[in-house]
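Below, subunit A partners subunit B and then partners subunit C, in two separate complexes.
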Partner chain A sequence: MLMTLSHQRGKSEYIYFVITVAAIALLLCLPKVLSIYGVTLLTEIFIYSIFSMSLNLLIGYLGYTSLGHATFFAVGGYALALLASKAGIQNFFFCVAATLMVGAAFGLLLGLITMTVSGIYFLMITLATGQAFWAAVWSWRSFTGGDDGLSGISRPMLVAFGHRWPFSNEITFYYLIFIFFILCLSLMYLIVKSPFGCALLGIRNNEMRMRALGYNTWRYKYLCYVMAGMFGSLAGALKVYQDCFINASSASITQSGLVLLMVVIGGARVFLGPVIGAFLIQIIANIVSSYTEYWSTMMGVALILSVMFFPEGIAGYAVRKVNPSTPRHK
Partner chain B sequence: MIAVEVKNLCKGFGGVQAVKSVCLSVEAGERRAIIGPNGAGKTTLLNLIGGLYPSDEGQILVFGHEVTHFPDYRRTEFGVARTFQLTSVFFELSVLDNVLLAIQAIKPYRFRMFRPQRVYRDLFEKAEMFLNKWDLWENRNMLVRELSYGEQRKVELIMGLASDPKILLLDEPTSGLSTAESAYLAELIVEMGKDITLLIVEHDMDVVFSIASRITVLHYGSVLVEGTPQEISDHSKTKEVYLGWKDPSGNTKGG
Partner chain C sequence: MFTPELLATIVLNGFSFSMLLFLLAAGLELMLGVMSIINLAHGSFYMVGAYVGIITVKSTGSFLLGLLAGMAIGALLGVLTERFFFSRIPKHLQQVLLTFGIVYILADVCKSVWGGNPIGISAPNILAGSIAIGTMLFPLYRLFIVLIGSLIAVALWLFQEKTLLGAVIRAGVDDKEMVSGFGINIKMLNTVVFASGSLLAGLAGVIGSPILFVYPRVSWDILILSMMVVVIGGMGSLRGALIGSVIIGLTDSLAKFFIPSAATVLTFSVMVVFLILRPFGIFGTSKPR
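Coming up: the complex of A and B.
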């Protein structure tokens, strides 16, 4: 009986495994058939997927909706840009590690303020800290370049085993980002399925009961916020590697809103929902914008349609079609 | 050995003094019922012992350790667990997930981030034991929201028991249940191991008298009288404040 309990999803997991392998194989082959433009777009989608997945740790699992997640994106981006352009450090591993550390430090610090409240107050306080951070970045021109930003960052170069692997062209860079995408996805999957992740779901459902059971819920929430911040700043750093440029708009409310949109349209309660959201939003932003300059209107239409017809996001809708007994949003 | 000792405990909410210098001493293994009219401070007393909010004055000792200033989640370290009057479980999670979360709460790996919960077999073995014993195995994959009210109350009780508590605080375990369901639940509570000390707040006198080995009567936040069920049911003062009628002889000592 115990076997049926811990392995009850055995068959569907087999199917998931096959789908995952097929999807990875497809994504590995795509650069062979896509144009350079397509490859660049897909790379961007991977980066935004990491970003939206990181936000979804807070929204979908902990139940805390943040309007200031761009702060972490910018923190990671600026950490990398400053290291590369001002300090002149080119070591890829060092830069990524430093980015994660700075992201964690910001998470630890900001979390002390933001994680003291919940619900609508959390939304407001993340909006406030996000705007404050944006204003600081925007006005501190000598350090951040303000609106003009920082440039002169080059694509990463991997030096290991006496070889040098540059990721300077779009195809090699695609594969590098793809590795990060898979790595982050796997890590976040592990987190949400771990005892820690299960406790996050418990907190979203009923924090008082979690405390009565013996969980130090504040520590869970704080750690979750820090983790979201670290993944978010990694996404920001990768975006800087792609653009070789960063400016204050990366910390803007528009950026926070965009990633929130990805989570909402994709579906917060489904693990891969934010990836679908990131894909759709990037497609709309890039492809529609090449036909009409009113592409942001299209974004608005997409949001309205999704809220009207897919209140649980596209992925949430799909999951409910397959399994009607899935719990609904509160 | 004394499991729970409460010394001069006070708690007020604004102008209302809900608990007024209550002293209580509960022996290990005892089944102590706390009864009293509405607003007597029964649930407040239980919440203070459970640590849901801090007390204004006084001390709470659990097996000799002072826990007065510990937050609720730390009191589980001393073996305190509780259930709520209004069912407080994870309604949007499956029955199995509810029980797993409850058992996991005191495990050393509860903070583990990079290993799936599934690999911890001891969690699942224990969950299976509970679900079988409480007749919920068939419903393990249902959301708690979809269960009947009586079954939800059972999940609530499992949440209290899952951490192998030494002291279990039961806040009206049978509230809202039919007479038959109450009797059934009372039977399950009576069957709980004697290594668990029970503190029960309950309105249903049949349940109280079938479970309790000692009874404390609260009235306006203070202890009115304490004794065995027999002593309590014979006590004139209890009859007056709680059972609702005056002793014909008019003998209300201390009144």
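Coming up: the complex of A and C.
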């Protein structure tokens, strides 16, 4: 399905396959050697990877930069938090499915507003919608808990195959999130490699031409936005499961900026770029925040340096080093 | 109880806020029109201008010096940003990301120098107090803001319509390549535009400090509002900035009075309505950028 081992495919496909398998094996074994702190950190990285990959559907593949993606993160997070704590629903599958539905609903609604414009206007409108949503979440204390947030959410309880699987143990939770990580990445890989994904790339490069070719570009853009929203909401929900807590900062511009930074630093034009970005940013964040409270400055400097010296991101830079003839996109 | 006095006060508050927004939006609009960048750091320039202005006023006791300081720091930041960064980064998206980075840095700088608590100053003595018009009492400072804003609006309009540089700027908004083709130094133009916009932002910061508190997060709050103005008014149009800021300012003031907890959402809804009806703003053109 993913890759054939036929020599006609070329050596690089085979190498990627081997690397992928090795990486998966490594990640499966890591909890044995890492401390609980390391396991938690890695879990967080997986969750943020899903989040940044979802944003990259918009940025890297559709070419639309969103400054309000935290909205979906918060939507998913709050949907889960409210279901689990206020509605008291413990069924894991139901909660996740419901979160996806809510995320899709938000995407469908917001997309109607945001997908009417492009480029700079899209940037502005996502920023504005993101801030408006944050303001609503922050003010609606009775529903969301505002700045104090909602707490007391318990880890998922999976009831499957006649067995109860509690995930309060960090290591078992790690494996659960890892499954989601692999699932989401595989799903996104299928999406971007499909004709749909190719159409997105076409729209990014030259929308006029796609329309001339007969594509209903608005539909593609809209769908892409909804998908990005659904994955983003899933990430938000998983984060709530990890922290057992959520507050208004999940919807803030800082959160939108963080995920944007991950995509930009990692590389928007490489499939796994955002994962690398998430990894780097989380590592740096955890190290930096133990030394100084000026995390904002670090982020700003990282963003500026990345924009000036690594416009294609770390992954983009690496890919270019390996294969200098990689086409430069617009 | 809803009286004419109350309405007049709300309207005056709205107008004075509109004038502040206009100062910001005019600069933002100019940068958008000529350089096609959204300067996300515009709100940060407002914030730094406000902080510097407040400190100047507190240490020298002169409001005028505070105003000048705010303008100077705004212009300085604008020139530095444009010269050191923008001129080295050709692509628009990356310039926008860069301004994002600047916001982060400036927020921390201000937090470390001045602390995270909101600060403000009281209006200067000659402008403090209220004035009676008819039977109603209005705060003098708010009237001052409306006056200054209107004067600057007129000055900007005159500059844009009647001076050579203004004509060049208008031409730059319409067709940058052509302007360059005429032999005009587009790089210098960019710097001038950026510096002027930032100067206005810094000025707005100082003017606004007696009525709005300044805190490290204010950069985003004020930026969103200015952007709403630009979206409603249209890119590159001074008239648009004025009309848009009046709309947003009044909406915000009315909303804060009637439903304070949902004020931002209401203001945002107004913007959404405009976007649906007229995506490019009242005075904007649908030229692709």
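One rule holds for everything that comes next: the second predicted complex is superposed on the first by the 317 of 330 C-alpha atoms of A that agree within 3 Å, B and C clash if a C-alpha of one lies under 4 Å from a C-alpha of the other, contacts with A are read in each partner's own complex, and residues count from 1 in each chain.
By definition in this document, contacts are C-beta pairs under 8 Å (C-beta built on N, C-alpha and C of every residue); 3 or more make two chains touch, one makes a residue touch a chain.
Computed from a predicted structure; not experimentally measured.
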Touched partner set for A:G300, first subunit B, second subunit C, both or neither: second
First (subunit B), second (subunit C), both or neither touched by A:G146: neither
Which of subunit B and subunit C A:G38 touches, first, second, both or neither: neither
First, second, both or neither for A:R209, with subunit B first and subunit C second: first
First, second, both or neither for A:Q131, with subunit B first and subunit C second: second
Touched partner set for A:L187, first subunit B, second subunit C, both or neither: first
Contacts of A:P311 with subunit B and subunit C, given as first, second, both or neither: second
Partner subunit A, residues of subunit C touching it in the complex: 32, 36, 38, 40, 85, 88-89, 91-94, 96-98, 100-105, 107-109, 111-112, 220-221, 224, 227-228, 230-231, 261-262, 264-265, 268, 271-272, 275-276, 279, 289
Parts of subunit A lying in touch with subunit B, wherever the complex brings them together: 1-2, 5-6, 8, 187, 190-191, 193-199, 201-202, 205-206, 208-217, 219-220, 223, 227, 325, 327, 330
Subunit A contact footprint on subunit B (complex, rising order): 50, 52, 71-74, 76-77, 81-82, 84, 88-93, 96-97, 100-102, 104-107, 109-118, 120-121, 124-125, 127-128, 140-141, 143, 145-146, 159, 162-163
Residue ranges of subunit A in contact with subunit C within the complex: 65, 67, 113, 116-117, 119-121, 123-125, 127-129, 131-132, 135-136, 139-140, 253, 257, 260, 264, 294, 296-297, 299-304, 307-308, 311
